[in-house]
Amino acid sequence: MNFAILVLLPFLGALMPPLVERFSSNRTLLACGAALLPTAALLMLIKPAQQVFAGQTLLSAVDWIPSLGLSLAFRLDGLALLFAILVLGIGLLVILYARYYLSPKEKAGRFYAYLLLFMGAMLGVVTSDNLLLMVLFWELTSLSSFLLIGFWNHQTGARKGARMAMTVTGMGGLALLAGVLLIGHVVGSYSLGQVLISGAQIQASPLYPLILCLVLLGVFTKSAQFPFHFWLPHAMAAPTPVSAYLHSATMVKAGVFLLARLYPALSGTDLWFDIVATAGMATLLWGAAVALFQHDLKGLLAYSTISHLGLITLLFGLNSQLAAVAAVFHIINHATFKASLFMAAGIIDHETGTRDMRRINGLWKYMPYTAVLAMVASAAMAGVPLLNGFLSKEMFFAETLESSHLGALSWLLPLGATLGGVFSVAYSARFIHDVFFNGEPVNLPKYPPHEPPRYMKVPVEILVALCVAVGVFPAFTVAGLLAVAAQATLGGALPEYHLSIWHGFNAPLVMSFVALFGGIFIYSQRRRLFDLYARLPAMDARLVFEGRIQALGRLASAITGRLQNGSLQSYAAWLLTLVAVVLLTQLPNLPGWHGETAMLPLDGVSLLCAGMLVAAALLTTLLHRHRMTSIMCLSVVGLMVSLLFVRFSAPDLALTQLSVEVVTILLLMLAMYFMPVRTRAESSVIRVVRDLLLAGVIGAGVAVMAFLVMTGELSSISPFFLEHSKPGGGGTNVVNVILVDFRGFDTFGEITVLGIAAMGIYALLRDMRLRSARYDALGRPWAKDAHPLVLVTISRPLLPLALLIAVYIFLRGHNLPGGGFVAGLITSVALLLQYVASGVGWVHERMPGDYHPVVALGVLLAGLTGVGSWVFGFPFLTTTHDHFHLPWIGDFELASAMLFDTGVFLTVVGATLLMLANLGKLSLLDDKKEGA
Amino acid sequence: MKALFERCFPSPSLSLLLWLTWLLLNGFSPGHAVLGLVLAVLLPLGTRPFWPNVPGIRNLPRLGGFILVVLWDILVANLSVARKVLGPLGDMRPAFVEMPLSLEDDFAIALLTSTVSLTPGTVSADVSMDRKTLLIHALDVDDEQALIEEIRQRYERPLKEIFQC
Amino acid sequence: MSHWIIAPILIPALAGMLLLLEVREWHRLRRITGLLSASALLAVAVLLWEQAADGTITVYQLGNWAAPFGIVLVLDRLTALMLLLTAVLAFPALLYACRGDDRKGANFHGLFQFQLMGINGAFLTGDLFNLFVFFEVLLIASYGLALHGRGPARVKAGLHYVALNLVGSALFLIGLGLIYGTTGTLNMADFAVKAQAVTGMDQALLKVAVLLLWAVFGLKAALFPLYFWLPATYANATAPVAALFAIMTKVGLYAIVRVYALAFADGPLAGLGQQGLWALALTTLALAGIGVLGARRLGTLVAYLVIMSVGTLLAALTFGQLSAAGPALYYLVHSTLICGALFLLADLVARGRGEAGDRFVAGPVIPAGGVLAGLYFMAAIAVVGLPPLSGFIGKVALLKAVPVPLYWVLLLLAGLCGLIGMSRAGSSMFWRTTGPGEGVRPGRQRLLALLVLLAVVPALTLWAEPAMQAAGQVAGQLAQPQLYIQAVLGGQS
Amino acid sequence: MELLVAVIIGVLVSTGVYLCLRARTFPVVMGLTLLSYGVNVFLFAMGGLKIDKVAVVGLNSDPTDPLPQALVLTAIVIGFAMTAFLVVLALRSQAEHDTDHVDGNDSGEGGR
Amino acid sequence: MDAVIEWLVAICMVTGGVFALIGSIGLARLPDFFTRLHGPTKATTLGVGGTIAASLLFFSWQARQLQLHEVLIILFLFITAPVSAHMLAKAAMHRGLKRVKRTRGEPWQQ
Amino acid sequence: MLASAISLTFGLLTVAWLLNLYRLVRGPTLPDRVLALDTMYINSIALIVVYGIQVDSKLYFEAAMLIALIGFVSTVAVAKYMTRGDIIE
C-alpha cells in the first residue's frame, strides 16, 4: 500500500465529524469519529517506518500539472517520518484532550474538521517531495490555522488574532512561493530529491541570496522568529487544544522543518549563518526574556515557544552537522514538553476559569496530580537533568562553544545561549511556583478548582512519560528515530554523537548549572523585575501591527479616493490626457507636415461655411451655460456639417445628418424641460486652463492627422465595392449597397444598437419622476394653448405627405442617395410632429403606443432576411436580386437587400419613437402640472 | 362602385395630392403611375385616424384661382416688403390687428393663417382659443380695417367657398 | 456550409427580439426564453470549442463576400475559448437573476441577451469596424443593465460609465479612421498584412492609430488610468449584471491581444505600444491592490479584484513573449468566473445581512451563513491565489512564465492585499455578528447559480493539466498569426 | 480645401473635448455631440475629399470613396443612439440627485 | 434659345438670391422681433422660390423635358414656413418681447 | 454667363447667411435666435439648389427637400418649448 494515502486520510477524516454529528450528538462518539482515520494513518505508518528505519527513502508520485512541474510527489524519509509521527501522534492526543476541553454547546464537529484539515495539510508539508506541493500544503496550514484560531469568532481577539496570523504567515508563504519558484528556476526541477543534491548549484547561483531571503522569510514568519514573532502570542486566542497542537508541536515547527528540509541545499554559507543564527539568537533571547513577564499562562508558553523556536533556528544557523542533529532532537523534545504544558495550562484554565497567573496560585492543594505533570514538563522545558529538555540543551550549549564563525567574538554565542537558558529556567520556575504554590488563589471565576476528568489527563500523562523516558533512556527511545531524521536532514553520513545523560564534567554542564541557578535567582528577584518591566513603555505588537494595517487601509482608501473621486471630469481628463500624451509623443516624429497630393482649390462659399461652422462650434462652447443658445449654435454646427457632406459628395450622409439633427433637437428640447436653463460658471481657472490645453492638443493632433491622411495617397479596398456594387449587390448607390450588402452585418449591429438604446431608455424612463418647471425661464406661467390650432391642423396632412416622401427615399435608396435609415427618420419625425402638435393622448388614441414590437419586428426582419440566405446554402446576409417584368408597368428590380432595409426602416421608426414618445410621456406623470 | 371609391379614397383631394407628388418626384411613367396610385390609396387609409374631419374640397376651380391669387400676391407684395426693409425704418408703422373670423372649420382657418403669413406684410401671430379671432402682425399698415377687409375679400371668402363652410 | 459559427450572435439576438415582442407582464415566459437562449448558447459554445480544438480556423464570410471586402467571422481557439467562457458565465448569472432581480426594472432579459450578442460578436468578428459595432452593442446593452434597478449611486456610476465610454467610442472611431486612411482596409487579417508594408508618413500615423486603439481597449479593459469608472459601476450594479460584467473587461483584453498578436507580434511595427501597456498594466495591478485594501464593501472589493486580474493578465500578455499567454488564459478563465461568482456571493451576503449589506461592519447573523461562509472561504482562497485552488495554480504558472522581478513583487503583493482584504471582509461579515436579523435566506436557485460558477474552481484545479494544455494550445495558435491570416485571406498573401 | 476640413475637424474635436470636461451633464452632452460631429467628419475625410463625385455607379468616372461614408452613416446612427441614452440618463441623474452636476462633490455613495 | 434659357435661369437665380438677402437683411435690421419675423417668412420664400425656378428651368432644359420635382420644395416650404412663423410669434408674445413703441394694437397672452 | 450668375447668387446667399449668424449671436432674445436659425435653414435650401445647378447634379435635391419638409420641426419644437415647456404633452 502506498504511504502517500497517509496524507489523504486526515482530509477524508475531516469529513467524518460532520457526518457523525448528523447521526449522534454524543461527544465521545464524535471524538472517536474524528480520531478514527488519524489512528488508521498512524497504524499504517508502521510498515513504511520500518523501511525508513532500514535506511530507505520511500517515494511516491502522481502527476498533477506536469507543465508546471507540480506533481503529487511524496517522500517518506527520516525527517518526514519524525514529523509525521509528531503530527499524527500529538494530533490524536489533542483530539482526545479536546473531547473534554470543549464545552457541550460548542460546535465540536466543526472544530474537529478544521483540526483534521490542518493535520492533513501539515502531513502534506512534511511529506512533500515537490517544493511547489510543499508550498501548497504550507499555505493550507495557514488557512486551516486561520479557521482554528478564529474558532471562537465571537471574540474580537480571536478574529484579530486569526487575521494577524493569516496575514503574517500568508505573507511568508508568498515569499516562500517566490523563493521556491526561484529554486526551481535555478535547479530546473521542483523535485526535492533533485533540489537537495543541487546545493552547490543553488549556492553558486547569483540568485542564491534572494532565494535564501525569500525562503527564510517564509520560515521566520511561520516559526514566529524575530521580528515576525508577534503573531504567535495573539494566536493564543485559539482554544487551547489548538495552541497545544499548532503553536507548540506542529505548525510553528513547519518553519524549522523547512530549515531542516532544505538544509543540504541552502546551508553552509556565511550568509546562512548570518541571517539564520542572528535571527535565532535574537528570538531565543527576546522570547525567553519576555516570557518571564507574561501574566497570561498561555502567553508565557507562547513566548517560551518563540524562544525555543529561536533556539532551534539558531542551531540550524550554526552550519554544523552536530548542531543540526541537536536541532532535530530539540524539535522532538520541545514538541513533547510544550504540548503537554499547553494541555496542562488548558486544564488549569478549564478548571479555574482564568489564565491569569496573578490570580492562579497554590493549585497544588486542589489538583496535585495535574501539578506533578505540569511540573515535570516545566522542568523538561527548563532543561533539568533526567528530562529530555536537558539532553538537547546540553548539545546546544556544546555547539555554541564549538562555533567559530564570529571569530574573536565567538564567545558571544555561548554567552547568549547561557542567558537564554537562564531566562528559560526563570520562566519555567515561574510556571511551577506561581501557579502551584505562592499562596492561595485570588478570586477565581471557578472555585474551588479540582482535578479534571480522568481522560483529559491522559494525553498529558503520555507526553510527560515520554519526556521522562527520553530523558532517562535516550538511547532506547528516541535514538533510532533521531538518527534517521538527522540523516535525512543532513542528506549524508551522520556525525559522531552520543545521546547520554552524562558526558562528564564539561563546559556545557557548567553552562547548564549557571542557567539553572541564574534562573532561580532571577525568578527570586521577580518582583523588582516585574516593576521594571511595567515601567517600560508598553508595546503591544498587536496594536502596532493593527495600527499599521489600518494605516495601510486608510492610505489605500485615500489613494483610491483620490483617483476614484467620483468626478466624471477627472476620469475623462485622465483618459484624454492619455490621448494627449500619445499625440504629443507620436506626432513630433512625423516625417512631414504635408502629404504627397495637392490640395483641392479653396472657394469662398466653403470658406465661409467653414468659418460659420467654426464660429458656431466655438459659440456652443462659450455659451454653454446659456443652454438654449448653446443648442441653437449646435444646430448650426449640425447644419454646416450636413452642407459639408453635400459639398464633398456625400448626399447620403447629408440626408442622414439633417434628419438626425431634427430628432436630436427634439430630444434635447424634451430634456431641457426638466433641466436648469442656465448655470453659473464654476470651473476654477486652473481647470479651465488644463481643459483648454487638453482640448487644444487633442484637437490639433486630430486635425494634423486628418490633414495628413487627406493629402496622402490611399489604396484601399473601395474599388472592389465600386466595381461589384451593381453586378454583385444590385444597386448603383455604392454607399447604400455597402450598408445593406457588403457590410450589412455592421448595419445589423447598428440597428440592434438603436433597438437596445430604445429598450434601455424605456427601462430608464419607467417609473422615473422628475419635477418639471411650472414657470418658464422668465418666471411666467406656461401658455395655456397646449395644441395650437395652426400647428395641429397643418401637421396632420403633413403626415401622409411625409410618409410618401419616406417611401420615395426608401425605394430609391439602393440606387440613389436615400435608404431605409433616412426614410425611417422622416417617418419618425412626421409622427413625432403629431405628438408635438396634438399630444400623447391624441396620438395614442389613433395608434398603438408601444413601439417595442416595432423595434423587434425591424431587427427580426433584418435578421430573418439574413437567415433566409441559409435556405439557399449561402452565409448569413447573402443578398440576391433580380429583374422582374410586369406588363404595362415595365422593368423593375427587387433585391433581398430591400427587405433588410425594411428592417432598418422599422427599427429606426420604432426605436426613435420608443425613445422620444416615452420621454414625452414623462411630463404626464408629473401631477403638479395643471391642465396637461 | 361609389362606395368602393369612397372606401378607397376617403379623401380624394389628399389622394390626388399624393399621387401628383409621387409623379413629380419620380417623373411620369406607367410603373410609377400605378405605384403612386397604390400609395395614394394606402397612405390616406393608413393615416386616416390622424385627420378626423377634414372637409372635402367642394370647388376645385376656385382652389386653382385662389392659389394663383396667392402666388401673385406673394410676388407683388414681396417687392413692397423689400422696399420697406431696405428703406428707412422710422417710417414703418407696425401693428397688431385682430381680425374676426367667419370661417368655422379648423382646416380652413389654418389655411387662412398660413396664407396670411405667406403673403408679405402680414404674419398671423395667433388664433384665439375659441377660433373666433385671428391676430395679425402687420409690418406697415395705415388702416387696420382696410387690411382686414382685404384679407377677408381676397382670402377668407374664397376659402369659404372652397370648403363650403 | 455550417452556420454554427454565427449562432452565438444570432441566438441571443433572436431571443432578445422575441423578448421585446413578448407580452409585458408575462415574466415566466421571458425567463424561460432567456434561459433557453443561454443554455443554447452554452451548447453551441461547447460545439464550437470542439470544432476549434483541433486547430482549425473557421471563417464565415457574411453576405458571401470574401475578406477583406466583406465582413468575416473567424473562429479560432481563442475565440472559441472566450465564447465558452461567456456562455459559462452567462447561464448562472441569468439563473440567479431569474429569482427576482430581473423584475427590478424593465427589459432586463432583452438587454441581457443583447449584451451576450455584443460580447460574442466582439469575440467572433474578424473586422475592425465590425468590432466597433459590437463594442457598441455590448456597451449600450451594458449601460441598460448597469442601470437596471434603482438607486442614486447606480445612476451616478452609470452616468460616468456611459459618458466615458462615449468618449472612448469617439477615440475608437478616430483610430479606425486612421487605420483605414493608412492601410486602406478594415479586415483584421488584411490589416495585419498591410500594416507590415506601410512606411513613412503612413507608418507614423498608423502608430498613433494603434496607440489610440490600445487606449480605447484599455478603457474597456479597465486599465490605469482608465479604470476609475469600474469600481462604482460594478459595485452598484445588480448582482447578476455585475457577474456578467466580469467578462466585459476581458473583451477589452481580448481585443488588445487579438490585434497585437495578429499585427504587431513581429515585423517592422513589432511591439508597438507594448512598453506602455506593460507599464500601465503593472500600475493597474498595484493600484488595484491598493483599492482592495481600501475597499469598504464587498462589491467594491470584488470590483477591484476584477481590475487586479486585468492588470495581472495584461502584464503577462504584454511582457514581450506570447509564451506567457497560455498561463494568462488559464488565469483569465479562472478569474472571470470567480469574480462573477463573488459578485453573486456578495449579493447573497448582503441579502442575508439586511441593512448592513455588504459593507464591512458588524451586522446581524446571516441565515444559512455557514454555507455562504464556506463558499466565501473557498472563493476567497481561489481569487486571492492561495493554494490549493485554481488561483494558486494560475498564479504559479504566471510567475513562471513572466520572470520579471517587478511583476513578481507586484503580483505577490497584490495577492497579499487580496488576502488581507478578503480576510478582513470575511471576518467582519461572517464573524462579527450583532445577533439575529431579518436577512433573507439564500434561495435554492440563487445558491445553485452560485455553485455552478464556483464549480469551475475545483474543476480547474483537478483538471489543471488539461486546462493548462488547452490554454497553451490557444496561446500557441495565437503565436502563429499567419495561420489566421491565411485562413481569412485564403491564398492571397 | 483639405486644410479647411482639417481645421474644422480640429475645432470640433477641441470644443467637444473641452465641453466634455465641464462639470454638468448638459455641456457633457453637447461636448459629446460636437465630438461625434468632429469624429464623423474625420472618419469621412479618411477617404479623401472629392467634389461632385458621388459614389453612384455610372455617374462619375472617378467617384469618391464610398466606404468611409458607409462607416460614418453607421457611426451617426450609433452616435445618435448613444446621445439619446446619455440625455435620458442625465435626466435620470437629475431625478435621483436633484442636480445635474457630474463632478464628484459628494461622498459616501460612490461605492467605496 | 439656349442663351435665352441661360439668361432666364440666371435672372431667376439672382432674383432669388437678392430676395433671400433682403429677407436676411430684414432679419438683421428690423427693430423688434415681430417685424423681423416678416423677413424670413416671405422674402426668403421668394428667395428660395427664385432659385427653385432657376433650377427647374435649368434641369428641364438640360434634359429637354419638364422636370418639376423641385416644385415640391416650394410646396413643402409653403406648408411649413407659416407654421414655424406662427409658433415663433406665439412664443414671442408669450415671452412678452419688447416691440417698437409705435406698434399699434396689443399682442395676446393666452 | 451662368457661372457668374451662380457666383453672384452664392455671394448673395452667403452674405444673407452672415446676417443670420449675426442675429443668432446677437439675439437678444431666444425667439430671435430661433428665427435666425430657421432662416439659416431656409437659406441653405437655396444654397443647395444653386449648388445643384453649379455642378449640374440632381443628387442634392433630396437634401434641400428634406430641409424644407422637416427642418421646421425643430423650430416648432423650440417654440413650443418656449410657450409650454413641455413639447410633447
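Note that the chains are named A, B, C, D, E and F in the order they appear, and that numbering of residues resets to 1 at the start of each chain.
The rule we apply is simple: contacts are C-beta pairs under 8 Å (C-beta built on N, C-alpha and C of every residue); 3 or more make two chains touch, one makes a residue touch a chain.
Everything quoted here is computed from the prediction, not taken from an experiment.
Looking at chain A and chain B, the chains that touch each of them are E. Between chain B and chain D, the least number of touching-chain steps is 2. Of all chains, the one whose CA centroid is most distant from that of chain E is A.
Here the chain at the heart of the shown protein, by mean C-alpha position, is C.
In this structure, the chain pairs A-F and D-F differ in their number of contacting C-beta pairs, and the larger number is found at A-F. Relative to the C-alpha centre of chain C, the farthest chain centre belongs to B. Inter-chain spacing, taken between the CA centroids of chain C and chain E, is 58 Å.
The centroid of the Cα atoms in chain C and the matching centroid in chain D are 27 Å apart.
Centroids of chain B and chain C (each the mean of its C-alpha atoms) stand 62 Å apart. Mean C-alpha positions place chain A and chain D at a centre distance of 39 Å. Residues of chain B in contact with two or more other chains: 21, 25, 113-114, 124, 126, 129.
In chain E, the residues that reach two or more other chains under the touch definition are 23, 25, 37, 39, 45, 67, 69, 72, 76, 79-83, 86-87, 90, 94-95, 110. Those residues of chain F in touch with two or more other chains are numbered 10-11, 17, 30, 34, 36, 59, 65, 69, 71, 76, 78, 80, 82-83.
Contacting chain pairs in the structure are A-B, A-C, A-D, A-E, A-F, B-E, C-D, D-F, E-F. Of all the residues in chain B, the ones that touch chain E in their complex are 21, 24-25, 27, 74-75, 77-78, 81-82, 85-86, 89, 92-98, 113-121, 123-126, 128-129, 135, 137, 139, 144. Considering their complex, residues 776, 778, 780, 783-785, 788, 790-791, 794-795, 798, 801 of chain A touch chain E.
By the touch rule above, chain C contacts chain A in their complex via residues 1, 3, 6, 10, 13-14, 16-18, 20-21, 60-65, 68-71, 105-108, 110-111, 114, 117, 121, 129-130, 133-134, 136-137, 140-141, 143-144, 147-148, 156, 159-160, 163-164, 167-168, 171, 174, 177-178, 180-182, 184-187, 190, 200-202, 204-205, 207-208, 211-212, 215, 219, 225-226, 228-229, 231-232, 287, 290-296, 377, 381, 386-388, 392-393, 396-397, 399-400, 403, 408, 412, 415-417, 419-420, 423-424, 427, 430-433, 464-465, 468-469, 472.
Of all residues in chain A, those touching chain D in their complex are 557, 560-561, 564-570, 572-573, 576, 599-603, 606-607, 610, 613-614, 617-618, 620-621, 624, 627, 630-631, 634, 637-638, 641, 644-645, 647-653, 656-657, 660, 663-664, 667-668, 671, 674-676, 679, 682-683, 687, 691-692, 694-696, 698-700, 702-704, 706-707, 709-711, 714, 716-718, 721-722, 725-726, 732-735, 738-739, 743, 746-747, 750-751, 753-754, 756-758, 760-761, 764-765, 768-771, 815-817, 821, 908, 911, 915, 919, 922.
Touching chain A in their complex are the following residues of chain D: 1-15, 17-30, 33-34, 37-38, 40-42, 44-59, 63-67, 69-74, 76-78, 80-85, 87-92, 94-95, 98, 100, 102-107, 110, 112.
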